[in-house]
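In the two complexes that follow, chain A is the common piece, with chain B as its partner first and chain C second.
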Partner chain A sequence: MAFRSLRRYSWGLLFLIPEIVIFLVFLWIPIVKGIGYSFYKVDFVSGNTFVGLRNFREVLANPDLPTAVKNTLVYMFWALVIGFWIPIAMAVSVSELKRFQGPARIVGYLPSIIPAIVLYGMWQWFYDPVGPINTFLNSVGLPEFDFYSKGHAVFSLIIMETWQNFGSAALIYVAGLASIPKDLYEAAELDGAGVWARIRYVTLPGIKNLVLLLLVLQLIATSQAFQSQMLMFGGGPDNATLTYLLLMTREAFVYFDFGRASALATLMFLFLAAISILTLKLRRGDDPA
Partner chain B sequence: MRKTFVLSLLALMLAAAGCGKGNGGSDASGSPSSAPASASSPSKPSADASASDSASDKPVEITAYAYPPDKTAENATLNARIKRFTEKHPNVTIKPVYWWYENTEVAVKMASNSAQTEFTTWATEAKLLSEKKWIADLTGYMADWPYANDLNKLAMQPFVIDGKTYGVPIDAYGMTITINKKLFEQKGVPLPPLDWTWDDLLEAAKAVNDPAKGIAGFIPMGKGTESGWNWTNFLYSAGGEVQSVADGKVTATFNSEAGLKALEFYKKLKDANVIPKNWALGYGDALTLFNQGRGAMVMCGSGNALDGAINQGKISKDDVLLYPIPSFAKGGEHVGVAGGNYKVINGLATAEQQKAAFDFVVDEYFTDAYLDSIDAQITSQNSKKQVYVPQLINYWNDDSEYGRKYEAMLAKHDNVYKYDPELTKLMVSKPEATYETQAYYAEMANVIQKVFTMKGDLDLQKLLDDAAAKVQQASFDKVVVQ
Partner chain C sequence: MKPPRDRAIMSPHDFRKTGVKIAYGFMVIGVCLISLSMLYPFVNTFLNSLKSTEEFFAFPPPFFPSRWLWQNYKDSLDYLDIFLYFKNTLYIYAGNALVSLTFMGLAAYSLAHLKVPAKKWISLYFMSTLMIPAASYLIPNFLNLKDLGLLNTFWAFWLPAGANAFYLLILINFFEGIHKEMLESARIDGASEFRCVLSIAVPLSVPIIVTLLLLGFSTVWNDFYWSSLVLKTEKLPIGAAIYTMIIYPGSTINWNVRFAILTMTLVPPAVLFLFFQKYIIGGLSLGAVKG
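Right, the complex of A and B next:
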């Protein structure tokens, strides 16, 4: 029976092998090894020493951990508030355009192709005291805005990242919108629905599942944020942009304590796995029987 | 069933991680390996390493520390040196590989055993690299090398640990302040005296400062560990220490009166509005700002800012000057953090590779061939309208015969930066702290950022005390003094 099933799906399984190998080498084995390392004092030359739960005790006693967790949650929240709706608005606006949909999509996607190193250099200039934004503010008689202050740094990062990333999310929404049957719009128009009514009763319900999926993906992505925090602000000022992952990076690459870094990664893994399982359960409960 | 599966998975994870050790490491219980060095395992770093038969004709392959591809003159010099060496040692094959040492990357390079057989590192890294056995003990090789005693003792200092030598100096430096003379001239500000003080620096910064044009009087680094490294110069200059070591215990001492003076000085710089409003400047950011003419003064290792400003920033070599770290008070010492570049041998390489790499590294030390290669490099840089910036302290003693030959060679060229002879007389270079220096720097970065970004009065002593207590508990208390 099993052999017949295997024969039946043999071609499919064959095509799966490259993906399985890639996932195994670059994802599953590192995850398993990472969890294992969290119980060891890692030494690449002399060998690892089993230390039980010591790494976990040390990371949980680290006074920077609550700061990093709080900063990460704050970043996740404001990234949702400021950035999550923009790709939806962009996709809906583009789909409502009668002409120039193609160029509008290209323009929206352009920021996503800018390499990170150029992006940070560019935004450092935008945020500079004599950069274009502050020059404009000064020219209209407004005071200079300090993008680098403790209170503003996290928002400066969110604005920069929203600008860079909204294009790719918008493209996914545009693809989702294209799959909504046209006759629904025609029926709505026949019933006298205007633009807002069409968006409210046809478009948004049509991409509801996509919105939920991208919400989870954004939460996962922002919970793992560290690149721009490290390169733009180094986690500062005064740890204001120190995220959980940046703390982990510091443990590994500043203090060279890969055991403690792995312990932090394991805790993160468990937290994200719990969120994913919860989301899955909620979505299953939501599905019609 | 499910429980058994989970337990099995956990056991698998632990076993997998335990097996994930470096070449020739110990078993999962942590006991040291007794396996001898072999072609695929690292040699035991030991003083008797020189006893291995490096002069044999057994083929050996090593990798050498190459320059970035755009440094064509330097790479050509290296290739010529490899050719000369391999002609003398036909059994050795040397492949130049580009990876420039970064303290944030070295762990990954070691874990993957992909660092070059010989590579260049900084004075700051000696303790870390030797402690982790990522670099080989060269004591035995040095004993057999006839020129070992001719090396500059001051330059050697950071890589001699507990009587063992782990690195060969290339050059060394003390921290200095690089000044953009042109910005001073443009604002009609007289240059401060070379024997300057903290007050002179502050006054000069105020005078040359032009925030409307985005020009800062002084650029301190405020992002990353380099911010703590920068600040330590003022700590040293005020007579302070990072830590004290007594009875096998390391104690934080940077929250001393000297530390407070140094932090008060940073607060004065902030309050006078003479530093960039963008405090988030790492090493590269600060030097880039200086190269762009957006800062009149920047603090870094002697020569490094000069090289970037002249060869990348295209500032004339006559418009940049080097000053010592200012003294706290008139007549005081100009103490700055010492640093330098060192050649080290990969601790994961085989004994044969380590010996070949050491022979390659020192092959042209104290020879005319080395001087000729520098001579050729300067000539090549001249053809590209570039300036050669020599280091202040070299691996040889300046008053030796070799030192005089070097000076004579430099004197032939117009495109060589010339230091003020008074500068070296004033400079006092002091090594960095020995234990957990990066942890201290990282914690000081937070303190400095508070000073640079928070408004109003700050209890600076409390900031230092809190930082000292945190570093003490998190790092210094865990140090085992050998």
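Right, the complex of A and C next:
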């Protein structure tokens, strides 16, 4: 009996087992081990020793932690305020264009093909004290703008990232806008709704789900940001761009304290898990469907 | 006569109002300005790569170089053996594509069309990894590769490339669209499941496979941080090589040489984009449809 059911499933299992093993070895084991490491002092030479909650205590006592948390939240906030609405406005504008819609879409997407490292190289020059932006400001008689100063660094980053990413988000919105039935606009217009009213009551509700989805995706992505902070500013000046993840990677690959780094990762994991459980609960309470 | 254009938010009737006309004008100007700001960095990067160092710091800096200095490209090879790193990148990419498509393809086919015990649980086993933030296993992943003895080998990229729940999900969705009858009749004709995958599922999924190949390419071409941790200098892919040797904070390498390297790095993805635009833009909506 067992043999026959095994035969029945043999192809299905044969095809699945390699992938199950890959997921186990390269995802699940690291995920579980990561939580384990946060209770150990990781030492490559003399082996790991269990230290209980010491890593957590040290991490929480680190004066850089509040800075990193604050910086991450500030970055997430401004990325929303500055960057989030632009693709929506752009998508609406592009779908209204009477011609050249195709080229506008392609041009908007172009920055997304730039590899991260090339992007940083380009923008290091744009933001340079003698780079094109400051030369332009000088030539029209304005004072130089220090993109690298403590107060400006976050905004410099967000402008760069918005420039790169908004095209692909805009294309997703364009697809969403195209799926809104045209009769709705027709009907709204007959009822006397002006252009703004049509955008407010037809267009935006029509892409509501997409907006929410991209909002969540952006929050997830910005909460884990560290690469551009590291490369453009090295976390500085004066820790102004030190994000939570940058702190974590520093612990691991600069100070080689993998235990403390794992403790930071575990804390973040717990925090994000709590948030997603909370949103799930709220959503369930929200709509009965 | 041309058929009337499909209306959008604004109808022809609206355009009789001056206010709407003016607003539309501003909108068009806005789109044009944004498009220019999208193109400028590309043109600027290319032209900068041909300038002399003096021109770089001249005031005001010329937009076009006075003489096109292709020498910069030659000089850049002294700093970075770009062909070696291109080769490494392609090598990593080829292995990634092979491993990930083979194993994910088989698994996706199995979940979509074969009898498997506890299918729901197996799907959950794969898909729940989507909910776990990648950042939380960055460090243990590194330690895990170290324990497995895979540091500084290309296997450290090839094998984990197969552990991508998002691509797996896309493949499963696509395979589910293949009609069961087609597979059924192939089976009656005596085809094994392997044959079914190779001769029916794969040919029918060429568009999605191309999209995944392109996504995979940009992942490899983009990555610089992770590979700089895992690999040693001579094995680095292009992004990590530039990161460790050219564009680290505080680098003093001449700007024109830097831009020559950046331009060369930009060419392959740009060419791919021009040829496979349709697939790349199609791939974007895959991400959105998921939710």
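Heads up, the rule we're going with is that the second predicted complex is superposed on the first by the 253 of 289 C-alpha atoms of A that agree within 3 Å, B and C clash if a C-alpha of one lies under 4 Å from a C-alpha of the other, contacts with A are read in each partner's own complex, and residues count from 1 in each chain.
To be clear about the criterion, a contact is a pair of C-beta atoms (placed from the backbone, for glycine too) under 8 Å apart; a residue touches a chain by one contact, two chains touch by 3 or more.
The structure presented is a predicted model; accordingly, all values stated were derived computationally and were not measured.
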For the overlay on chain A, clash or fit between chain B and chain C?
-> clash
Name the contact category of A:Phe39: first (chain B only), second (chain C only), both, or neither.
-> first
When the two structures are overlaid on chain A, which partner does A:Leu171 contact: first (chain B), second (chain C), both, or neither?
-> second
Check the residue A:Tyr75 against both partner chains and state whether it touches chain B (first), chain C (second), both, or neither.
-> neither
Return the chain, chain B or chain C, that is in touch with more residues of chain A.
-> C
Give one of first, second, both or neither to describe whether A:Lys98 is in contact with chain B, with chain C, with both, or with none.
-> second
Would you check which partner chain A:Asn62 touches, where first means chain B only, second means chain C only, and both and neither mean what they say?
-> first
If you stack the two complexes on chain A, which partner ends up touching A:Phe84: first (chain B), second (chain C), both, or neither?
-> neither
Regarding the shared-chain residue A:Gly234, is it in contact with chain B (first), chain C (second), both, or neither?
-> both
Thinking of the overlay built on chain A, is A:Thr135 touched by chain B (first), by chain C (second), by both, or by neither?
-> second
Kindly classify A:Ala252 by the partners it touches after superposition: chain B alone (first), chain C alone (second), both, or neither?
-> both
With the two structures fitted on A, what stretch of chain B runs into chain C, 97-105, 187-195 or 295-303?
-> 97-105
Can you list the residues of chain A that meet both chain B and chain C?
-> 29, 33, 37, 44, 124, 130, 232-234, 252-253, 258
Of all residues in chain A, those that touch chain C in their complex | 5, 8-9, 11-13, 15-16, 18-20, 22-23, 25-31, 33-34, 37, 42, 44, 90, 92-98, 103-111, 113-118, 120-122, 124-126, 130, 132, 135, 138-139, 163, 167-168, 171-172, 175-176, 182, 185-186, 189, 195, 198-199, 202-203, 209-210, 213-214, 220, 223-224, 227, 230-234, 245, 248-249, 252-253, 258, 261-262, 265-266, 268-269, 272, 276
So in the complex, which bits of chain B are touching chain A?
-> 12-18, 20-30, 32-33, 42, 103-105, 107, 110-111, 128, 132-134, 211-214, 222-225, 276-280, 282, 285, 347-348, 438-439, 442, 445-446, 449-450, 452-454, 470, 474-475
Seen from chain A, its contact residues with chain B in the complex are 29, 32-33, 35-41, 43-50, 62-63, 124, 127-130, 144, 146, 148-150, 232-234, 236-239, 250, 252-256, 258
Once bound in the complex, which stretches of chain C touch chain A?
-> 5-11, 13-14, 20, 23-24, 27-28, 30-31, 34-35, 37-39, 41-42, 44-45, 48, 57, 59-61, 103-104, 106-107, 109-111, 114-117, 122, 125-126, 129, 131-144, 146, 148, 159-160, 162-163, 165, 168, 192-193, 197, 218, 221-225, 229, 238-239, 242-243, 246-249, 255, 258-259, 261-262, 265-266, 269-270, 272-273, 277, 280-281, 284-285, 287-288, 291
